[in-house]
Amino acid sequence: MDRHQLISLLNQLYNQSIPVEQAFARLKDLPYQDLGHAKIDHHRALRKGYPEVIFCQNKTAQQVVEIATAQLDHGETIYGTRANQEVLDSVKNSIEDVCIDSLAHCFWKKAPNWKKAEKVRGEIIICSAGTADLSVALEAQHTIEIFGHSCTLLSDVGVAGIHRLFSYKEMLSKASVIIAVAGMEGALPSVVAGYVSCPVIGVPTSVGYGSHLNGMVPLFAMLNSCASGLTVVNIDNGFGAACAAVSINSM
Amino acid sequence: MDRHQLISLLNQLYNQSIPVEQAFARLKDLPYQDLGHAKIDHHRALRKGYPEVIFCQNKTAQQVVEIATAQLDHGETIYGTRANQEVLDSVKNSIEDVCIDSLAHCFWKKAPNWKKAEKVRGEIIICSAGTADLSVALEAQHTIEIFGHSCTLLSDVGVAGIHRLFSYKEMLSKASVIIAVAGMEGALPSVVAGYVSCPVIGVPTSVGYGSHLNGMVPLFAMLNSCASGLTVVNIDNGFGAACAAVSINSM
Amino acid sequence: MDRHQLISLLNQLYNQSIPVEQAFARLKDLPYQDLGHAKIDHHRALRKGYPEVIFCQNKTAQQVVEIATAQLDHGETIYGTRANQEVLDSVKNSIEDVCIDSLAHCFWKKAPNWKKAEKVRGEIIICSAGTADLSVALEAQHTIEIFGHSCTLLSDVGVAGIHRLFSYKEMLSKASVIIAVAGMEGALPSVVAGYVSCPVIGVPTSVGYGSHLNGMVPLFAMLNSCASGLTVVNIDNGFGAACAAVSINSM
Amino acid sequence: MDRHQLISLLNQLYNQSIPVEQAFARLKDLPYQDLGHAKIDHHRALRKGYPEVIFCQNKTAQQVVEIATAQLDHGETIYGTRANQEVLDSVKNSIEDVCIDSLAHCFWKKAPNWKKAEKVRGEIIICSAGTADLSVALEAQHTIEIFGHSCTLLSDVGVAGIHRLFSYKEMLSKASVIIAVAGMEGALPSVVAGYVSCPVIGVPTSVGYGSHLNGMVPLFAMLNSCASGLTVVNIDNGFGAACAAVSINSM
Amino acid sequence: MDRHQLISLLNQLYNQSIPVEQAFARLKDLPYQDLGHAKIDHHRALRKGYPEVIFCQNKTAQQVVEIATAQLDHGETIYGTRANQEVLDSVKNSIEDVCIDSLAHCFWKKAPNWKKAEKVRGEIIICSAGTADLSVALEAQHTIEIFGHSCTLLSDVGVAGIHRLFSYKEMLSKASVIIAVAGMEGALPSVVAGYVSCPVIGVPTSVGYGSHLNGMVPLFAMLNSCASGLTVVNIDNGFGAACAAVSINSM
Amino acid sequence: MDRHQLISLLNQLYNQSIPVEQAFARLKDLPYQDLGHAKIDHHRALRKGYPEVIFCQNKTAQQVVEIATAQLDHGETIYGTRANQEVLDSVKNSIEDVCIDSLAHCFWKKAPNWKKAEKVRGEIIICSAGTADLSVALEAQHTIEIFGHSCTLLSDVGVAGIHRLFSYKEMLSKASVIIAVAGMEGALPSVVAGYVSCPVIGVPTSVGYGSHLNGMVPLFAMLNSCASGLTVVNIDNGFGAACAAVSINSM
Amino acid sequence: MDRHQLISLLNQLYNQSIPVEQAFARLKDLPYQDLGHAKIDHHRALRKGYPEVIFCQNKTAQQVVEIATAQLDHGETIYGTRANQEVLDSVKNSIEDVCIDSLAHCFWKKAPNWKKAEKVRGEIIICSAGTADLSVALEAQHTIEIFGHSCTLLSDVGVAGIHRLFSYKEMLSKASVIIAVAGMEGALPSVVAGYVSCPVIGVPTSVGYGSHLNGMVPLFAMLNSCASGLTVVNIDNGFGAACAAVSINSM
Amino acid sequence: MDRHQLISLLNQLYNQSIPVEQAFARLKDLPYQDLGHAKIDHHRALRKGYPEVIFCQNKTAQQVVEIATAQLDHGETIYGTRANQEVLDSVKNSIEDVCIDSLAHCFWKKAPNWKKAEKVRGEIIICSAGTADLSVALEAQHTIEIFGHSCTLLSDVGVAGIHRLFSYKEMLSKASVIIAVAGMEGALPSVVAGYVSCPVIGVPTSVGYGSHLNGMVPLFAMLNSCASGLTVVNIDNGFGAACAAVSINSM
């Protein structure tokens, strides 16, 4: 039951073309799901402030192209994450002028009416510990920019060269939210969160070897940090960190 | 070297009471740590926006009382977390008019000059899945209030009675940041984060049994949530979630 | 908005005491949660076919007594699980004629209008591998009986004495659903499920030592069983197995 | 000793061609295994209500084709699960009119005398959380249908879009048993089991990344669900869930 | 159906008081379990070569005393393992002349007709790495002796003082089977098995701390030994190792 | 210092060509390692009763061929385990008349003087739960036969078809040692060890999926078996089980 | 065979009182273990440079006192680690003038001839991250001092207050070896090892909660550090770190 | 601000061309990071005593070649570790006279001014347990030699042939530091550390199968060793062990 159906029903009642019992019968089981479905969808778009994103990891190249094409037909921005090379190639061949970043495993094409977010708190900064963590940091960066927020990426500022991080002290102190990406022992977010007052989001990466447990070690290290104000997302989840950062940075 | 020592040195140089070489010798090795120590301490107080907190878990009752007494002597607000009953009893006997919440394992006494934070974004809401998660939720609530922010606690709104949560839909949609506390399968933060646009911080608790792994299951469930905008803190870390929420809620 | 409020609103509209727009405004945001809340609560009682149960594990003795007393005042059956001795003692002192099984960590008092379930498929059988698994098996047994179903408990029929189990072959083959409780290597449910055609629910227990991992070994063994038709619940979760068995056994 | 040998022995005794002692000597050690072997095999077919299934995972293409061909020669329904593409290709080339579902990793060919199960309780419903969980859901669906039961598959009704699930509320409330398939944080079965009165079987899938632990996270989340009446099978075990559902749905 | 019922039936047939069909009908479903039950029990006693043992870990003091008393009444040897001090005290107070070893958590009283095993291969040797592993080694020693085999215990011969082990070289080379007990890094069984030709059974113990994982580390170390001929039992399972050693040492 | 050098030294002393001091100086630091090295090597061959085996897993095809060729040149039996197809192909091309079993990942060529072991206790039986466990069972079988012992392999006698195992009851009861190979839930060794009096060696396999943990589940299930007399080797370690069985079976 | 026996044998040979064959027979099986035993014992004392230490964790108070008293009777230094309060009380009551540090769980009494180590490389520094890590750091400190080396303990210099650590920059840069003790996320050793050129030994502690895994998180973080030159010991193993530091610091 | 800028500023002040306030303003915010950056870089080179190393694991062939070429252009020694074959081929094609060890996954080219380290304590010895551990041992060996220290590699001296290790007793006793590399059960470092007085660094390797957990078993075994003076690095981290050994061996 959508808005028009509901108004029609109410009009019928107002006009006494149907008795109260009949209206009650229909309304008491009001299929709020259907109404809710549409409403929630609009709500979702409104409140989240960003378009639907295609998570490509468990989809075939054909499926991804079909979804993206359908979105394009509706004039929407398309943005795909965790796309392997086969998917990226298919997207490139099927969609004109699509942007692709193979290192970040992302593709995107902004809608004609795409524009920067208007009410933002400030600048989002992404710190990446090692060059090997870069693909996760880039996923975060692209996500933030597609969602219309501003973002600066500081690469290779891990704790082994802690002075490099400190040389950005002023920039860090002015950030509205910081994403800190690190593999290995995952100490970067702790150091950053001990240094600034804004919210810090830690992203552990699967970069490492041996007892690294595919990223569980930096994940647990971040969760056990003694620096307050630090929250954490899943291993390699640059996208999730970006969503949280955009949410925090929105007014 | 503090401000006065530095100015004194510069004056000596200006007055040519010391040669350039001597000034250079002292300044080239400028012990930024000492200067930094003091500066960072002030910075810390300024930027974090909240007083030093006594983490009581690995401290004796005597140690906790000594620290709290010293803080009181300096006119500071005292706030202790993760205090067992023995510590709470000692604190109660030693510090006049101290407030104690045994369920939350916290105690506090606000400084005479304590006041509410002035520039905040809005209301922080804490959702607690079960009554057993309450002590963690209360730790978060007390922390937020000591730090001068406003906070509403919705208890017993777990996914088993998902309609109870939905009855607070409007309140949730107006929150500036939400803390969602859950043990067992830890599904509450996912449902909340799929429902609102503000940042959501998940706090897994050690409430459960069997294959619950002392809270690892809700922790991992939250990290693997398909709802975007959700970040996570350590198991039972109501304090950490509160710090992050306060940081997000500050302007 | 409950039934009466809704009918009142519809009558107002029918009588044209309010315009369509006003009715639409109230109904378009129909707080289905409130309606739903009540409805779901009734639904819950109706569909689950069993009363609210007090899970005592993370509750104080005082809390448990308060809840149980409130339920008694409403003429409901009370049933508490995972109660430690302190809780059981409080319950015993506070509630007249309450039944207590310390080994099963349960207490109960049936409501005056309690009666056996009417439409059941047949007999539920509980097989318990060792005497040490008995407390979990008893929790399942009491739950099934409180919920009004019939139940037979075969104790000490583990695979080390596999002939004992086989001596109940005929009884097993006539069961409508079987709960198989086992600790150690957890092989009993596999053997049972390879033997009968009815649904089998495995309950791993925390009985064991060394590399038993507090019940994870029998849990995983059951999950990896090559016998089809076997499903599993959490370690020591006799209550959950009973709920599933009652659900299966209901017509 | 088979049926004919036993009758022959009894005839000899009846005709007094052998004394009681000799018959006793042979019968007291009655090799029940041999007799039992055949009997149990028939029992198995009768009670389980479904044909032998070829689990292809650790078999070569040649082995699978040989088994399937032998079954066909005996006029049996063939049904293979967990077949990789190489196996499916071999089956396709070797067996005329075989049905293949590559996404579900299954193949089947119904026997000429195949027919629907006659005494069933009702409809089995499969809910699948994400599109990536579809291959597991399809394995369950094919299994249920080969075993002669009716089945409806609701795809993409995960908790991130919880209203989609709720739009099937009526259908769910009429199901005789529900299979809920979910990867990621595995919350779907909890929500479903909190919603219906029929038995719910959770199937965790290996869909996810990072700290997902190859499906251990949704597995543990389901085992720790606070919704009663939920039981669980192994990760990706759509076949096992189908067997249990068929068992529950049989009269 | 027991022996007498079977002979009666065969006599009826011999006397033609029943037809072949009726005898066949009763015999084809011969309840082998009942016959088997008794038979297997005797088999068990005969083949295992040792009495029933009371595993006390999950039994109350009262239960243990009841079982032991019943065994005594039947003139059997009693032997209890994993008894805590409360159980040992109850046993001491209830059973005259019972032998107790608190360090080994064992008690025993040999039956009047107890005697040494007659056909054994040779001497069983137990090597214990550290003094802290002694209680496990003693459980093995008592078990072997109760079962009638000879046994020598070499204590404190861990790899840290590898020369102490080597000083028993000749004794080790003459053993018929060796049990090697070790906690910490669990290297002793590897070194022993690389040194002798007889079977070696490794028993990991829960002695250790930190990343010792309650005995999982020595367990895994033994399982991954490069020395061939080594097999392993559960952590702290001195009893199980003794059973296996007795089985190997029997002719 | 080998035998000849030692005799030469002793002769020099006997002939007084060197003084006692000089002999003492050389002998007090007697490089027992060198003597020991040779001696231990002989000891090793003598006591273990089987030739050096080439563990191919971490060796290149070229390395394996070189080692095997060197052994052949010394007239030794060659036997390689865990050889992948590339290694097997190289061996086949390089060594005339070599025997290869691809399924078991083994190759061998008996020395001209190879002969059966003379003093054995009896027959070794290998039980394999499923067809997928066959490659591990075959590795054990080949190893036993190369080492000169007799061996029978019972394949596909898992607990899902427990009557099949029971049909070999007599054969099992006469075995001198049994190797039980099982993946999935690993219940076979428990059932076998509860059935026979001889030593039973459990071999968990990596056959399974989902929460099978690559064989950890059957490994732990076997370690936690309530059947006494069962010992365990590493996952897929058919070779190790064979070595232990040969050691037990030797007189 | 000791030195005297060997010389006697050689004299007999020199004097031709025994033939070469007889000397060879005795010497070819030279029981190097006995000779070696004594030699190795002396070697051990000489090379390790420190007395035997009593590891009290799995010993009774009585056992500890007996060992310590025996050492005192031989004029040795006594030093006990991991002693609980009961052990410390017994030691205090039994041994005059013994030194006890309850926080470090240690006791000691230096031998009359105890003296500082003579040839050391320099100063050993212990950095302790938090006050809760102090007991582990103190165990290391006492061990180093008992072993005769010099040691400075810097407490509460964790990465949350990284400037405090940096204020000791000069002292750290002059250390000959550094022990860095940390619980929580275990980042301190990484930062220290990135800062100095001397060897750094990381000691993870079991201080933490939630997903801290009893010290596994800082252990793994240290093992995965990107700072080179860092090695690690077991959780809470201050003693082991001290032994390694003393070994490195010895000339 | 570098040295020249600082001197210039101080000269301006001395010459009174700027007032004290202006100098103070610039100096109070002295960007110690920039100064520190340069200083720390020099410190790093000086104190670590070895060149920058290219960790190739997460770098493309192109990236590695670019970095190496840049280093060559500055006249530096290049040294790359963990390079796969593709990287090694690219390096070989791009850099003249580069040395490559495919087994060790390393390449290097010494700078013209490369020379041996001058002040070293003695010889570093690497013991490798099995031939399969060789690639890790070689990485350590190359690293040590590039860093200008002397090193001897003893291969295939595992505890299964413990006499081989003992034959190097004298060499081991003279080492200044020993690296012990072992996979499987990881017992070698324990035995070595129980044998010598110098520091021993254990390197667990990922060589093994089954319950080996990709090297976690030898890692944990080494951490739980009862031999004192042993420290450990990450699995397969030959490079890290070499850095620590060089640090220890430097005067």
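So that you can tell them apart, the chains are marked A, B, C, D, E, F, G and H in the order they are listed, and the count of residues begins at 1 in each.
To be clear about the criterion, a residue touches a chain if its C-beta (ideal position, glycine included) is under 8 Å from a C-beta of that chain, and two chains touch if they have at least 3 such contacts.
Source: prediction; values computed, not measured.
Chemist: If you apply the touch rule, which chains end up adjacent to both subunit C and subunit F?
Modeler: For subunit C paired with subunit F, the chains in contact with each are D, E, in label order.
Chemist: Could you tell me which chains are in contact with subunit C and with subunit D alike?
Modeler: Looking at subunit D and subunit C together, the chains touching each of them are A, B, E, F.
Chemist: Can you give the rotation angle that fits subunit D onto its twin subunit E by Cα atoms, in degrees and rounded to the nearest 5?
Modeler: So the copies are related by a turn of 180 degrees.
Chemist: Tell me which of C-D, C-F or A-D has the interface of A-H again, with more than half the contact pairs shared?
Modeler: A-D
Chemist: Whole-Å distance, subunit B centre to subunit F centre, using C-alpha means?
Modeler: Those two chain centres are 59 Å apart.
Chemist: Let me have the rounded angstrom distance from the C-alpha centre of subunit F over to the C-alpha centre of subunit G, please.
Modeler: 40
Chemist: How far is the middle of subunit G from the middle of subunit H, if each middle is the mean of its Cα atoms, in Å?
Modeler: The computed centroid separation for subunit G versus subunit H comes out at 25 Å.
Chemist: Mind pulling the residue numbers of subunit H that touch at least two other chains?
Modeler: 32, 36, 130, 161, 210-212, 216, 219, 223-224, 234-235
Chemist: Chain pairs in touch?
Modeler: Going through each pair of chains, those in contact are A-B, A-C, A-D, A-G, A-H, B-C, B-D, B-G, B-H, C-D, C-E, C-F, D-E, D-F, E-F, E-G, E-H, F-G, F-H, G-H.
Chemist: Considering only the defined contacts, which subunit E positions touch subunit H in the complex?
Modeler: 130, 158-162, 184-187, 190-191, 194, 208, 210-213, 216-218, 220-227
Chemist: Would you mind writing out the residues of subunit G in touch with subunit F in their complex?
Modeler: Touch list, subunit G to subunit F: 3, 6-7, 10-11, 13-14, 16, 19-20, 23-24, 27-28, 30, 32.
Chemist: Report the residues of subunit H in contact with subunit G in the complex, numbered from low to high.
Modeler: Touching subunit G from subunit H are residues 46-49, 173, 196-199, 201, 219, 223-224, 228-235, 239-241, 243-244, 246-248, 250.
Chemist: Would you pull the subunit H residues touching subunit F in the complex into a rising list?
Modeler: Residues of subunit H touching subunit F: 130-132, 161, 163-164, 166-167, 169, 207, 209-212.
Chemist: Which positions of subunit C touch subunit B when the two form their complex?
Modeler: The contact residues of subunit C facing subunit B are 31-34, 36-37, 40, 57-59, 63, 82, 204, 206, 215-216, 219, 234-237.
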